[in-house]
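First comes the structure, then the notes that go with it.
By written order: A, B, C, D, E and F. Residues from 1 in each chain.
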C-alpha cells in the first residue's frame, strides 16, 4: 500500500508529486478505516442502545470483523492484480483530450 | 451538460474559470457514473455470488438499467428547469456576507 | 459552532487560517444540512409518489424531524465534550511523522 | 454564519469559495435526486420493453369516452419521477426554512452566553 | 505510514495537510454520528409533543417509593442518544486499535518481501 | 467531454487534473469494492474461528475419490469474495460501455439543437 520511497527528496524544497502521493495514501487509509467503522458497526452493534458500553459479544465481534476486513482487502487486491484491472477500464471513459 | 465553449482561451495562459468549469463537469459525470454503477448493481446483481461471470439475465438487466437511468436523468433535468429550481433555494441558506 | 472571531483581520491581505476555518465551518453546516434532508426524507416522505405536493402529515413530520435533529445534535455535542473525545482518538492513528 | 469579523479582501475571497461550493452542492443534490427517484420509481428490468408499464396506462376501457377529451397523462413510471422530483424540491425547501430558523436560534443562544 | 524518506520541508508540509484532514475527518465523524444516533433513536414524528415518550418514563408505579431517592433518569429517547454516542466512540476506538495492529503487521509483511 | 475549445496549456493542465482524479476514483472504487464484498460475503462473527466455514468445505464424503484429483477449491467465503470482485469488475465495465454510448448519443443530440 506504500507509494513512497522512490527517489530521495531535494534537501530544501518540496517534491510536489511525492507530497501528492502521500496525501492520496492518507486519503485511502482514512477511507478504508471509515468503511470498517461503518461496516463493523452495522454487523456488531445492537441498535437498541440499552447501555453505553460495549458488551463482551460486541467486543469480540469487532475484533473478528476488523481482522476479516483486512483479509478481504488482501483477497480483493490479489484478485484485481490477477485480472489486471486498470483504473481506466472501470471508469466512465471518454475523458481523452 | 456542457459548460464549456463560451469565449476562446488565451493563446498561452490558463483561463482559470474555464478549467474550473471543466473540472466540475468532470466531477458531475464521475458522480453520476458511480451512482449508476451502485444503483444498477443493487437492482441487477444477485449477491449470492455463486459464480464470477455476469449471467444473461444480469447483463440484460444492466443494459436496461443504464438506459433507464439516463431517461430519469433527462426527466428530472427537464422538471427542474420547469420549476426553475435555483441552486440557492435548496441550500441551507444564510450564507450571505 | 463558530470558529471565527478570534483576532481581527489585517486591513488589506488575507488571513489564510481564518479563511480555512470559515470554509470548514461552511462544509460542516452543509454536511449537516444534507444529512437532515436525507434522514427526514427517509422518515417523512412516502415513496409511493402519488402526488407532487407535500401533504399535511409530511409537512408536520418534516418540521418535527428537523427540530429533533437539532436536539440530537446538541445532545451528541454535549456528550462528546463530556467524554473529552479528541479528534485523534477516533482516527486510524499511526499518522505521526 | 457570521463573516463580519473578516476584512473586505477576505470576504471577497470567501464569496468566491461559497459560490464554487454552491455549484458543487447543487450538482451533488441533482445527481442524488436522480438516483433517489430512479431507485423509487424504476424497478422492473425484466420485462421486454423499457417502458412496458406505459401500455397499461392508456385507458383499458374504450367505452369511457371522456378519456378522449382529457389530456393524455404521462405513463405511471414517468409520473412517479415527476412527482418524486417535485416532492423532493418542496421537502428540501421546507427543511431549508426550518434549518435556517433553528440555526438562527442556536446562534442567538450562543451570543447570549 | 512511513514519511522517513521525506525532506524536513516535505514533512512539515505533510504535517499541515494531516492536521487539516484530521479536522475534516473529525467533523465528518461528528455529523455522521449525529445522523446515526438520530436515525436509531428517533422514530416517532406523528405524536403531538416532540418528546411525548418522556411522559411514560417517569415511573408508573407510585407505590415504589425508591424512585424518590434515585436520581431522575433522562427520558428514553435522550438516553438512547447518549448511549449511542458513548457506544460509537468506544466502537470507533476499538476498531482504531485493531486497525493499527493489522496495519503494522501488513507493513511488516511488505518490508520482508 | 469536449475540450477542443481549450488552449494547449489548458489541455495540459486538465490532463493533470484528470490523471489525479482517476487515481482518486480508482482508490474509492477499490475500497468500496472491498466494503461491498465484505458485507455480502462475511456475516458470521459469532463462531470461534474466523474461517469456521472452511471446514465444511472440504468434501465430507471420503469415498468420493475424485476429490483427490481435483484441485482443492478455496473455502466458500473466500470464493464468494473472488466471485464478488470478478462480477463487480465485469458489471462496472459493462455499465461503462453503456454509459459511454448513451453519453455520446446525448452529446450528439445537444449538438443538433
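In this text, a contact is a pair of C-beta atoms (placed from the backbone, for glycine too) under 8 Å apart; a residue touches a chain by one contact, two chains touch by 3 or more.
As the structure is a prediction and not an experimental result, all values here were calculated from the model.
In the CA-based superposition of chain B onto chain C, the rotation angle is 120 degrees, rounded to steps of 5. Residue-number overlap of contact pairs with B-F passes half for only one option from B-D, A-E or C-E: A-E. With centres defined as mean CA coordinates, chain D is found 32 Å away from chain A. Inter-chain spacing, taken between the CA centroids of chain C and chain D, is 20 Å.
Chain B has its Cα centroid 25 Å from the Cα centroid of chain A.
Multi-chain contact residues of chain D (touching two or more other chains): 1, 3, 6, 14, 18, 25, 28-29, 41, 82, 85-86, 92, 96, 99, 103.
Shared interface positions of chain C, defined as residues touching 2 or more other chains, are 26-27, 29-30, 33, 44, 67, 91-92, 95.
On the side of chain E, the complex with chain A involves touching residues 1-3, 5-7, 9-10, 13-14, 17-18, 21, 25, 28-29, 36, 40-41, 79-80, 82-88, 90-92, 94-96, 98-99, 102-103, 106-107, 110.
Across the complex, chain A meets chain E through its residues 1-2, 4-5, 8-15, 18-19, 22-23, 25-27, 29-30, 33-34, 36-37, 40-41, 44-45, 47, 49-54, 58-59, 62-63, 66-67, 70.
Those residues of chain A that touch chain F in the complex are listed here as 20, 24, 27-28, 31-32, 35, 39, 42-44, 57, 60-61, 64-65, 67-69, 71-73, 75-77, 79-80, 83, 85, 87-95, 97.
The part of chain E that touches chain C in the complex is made up of residues 1, 3, 6, 11, 14-15, 18, 20, 22-35, 37-39, 41-43, 45-46, 50, 78, 81-82, 85-86, 89, 92-93, 96, 99-100, 103-104.
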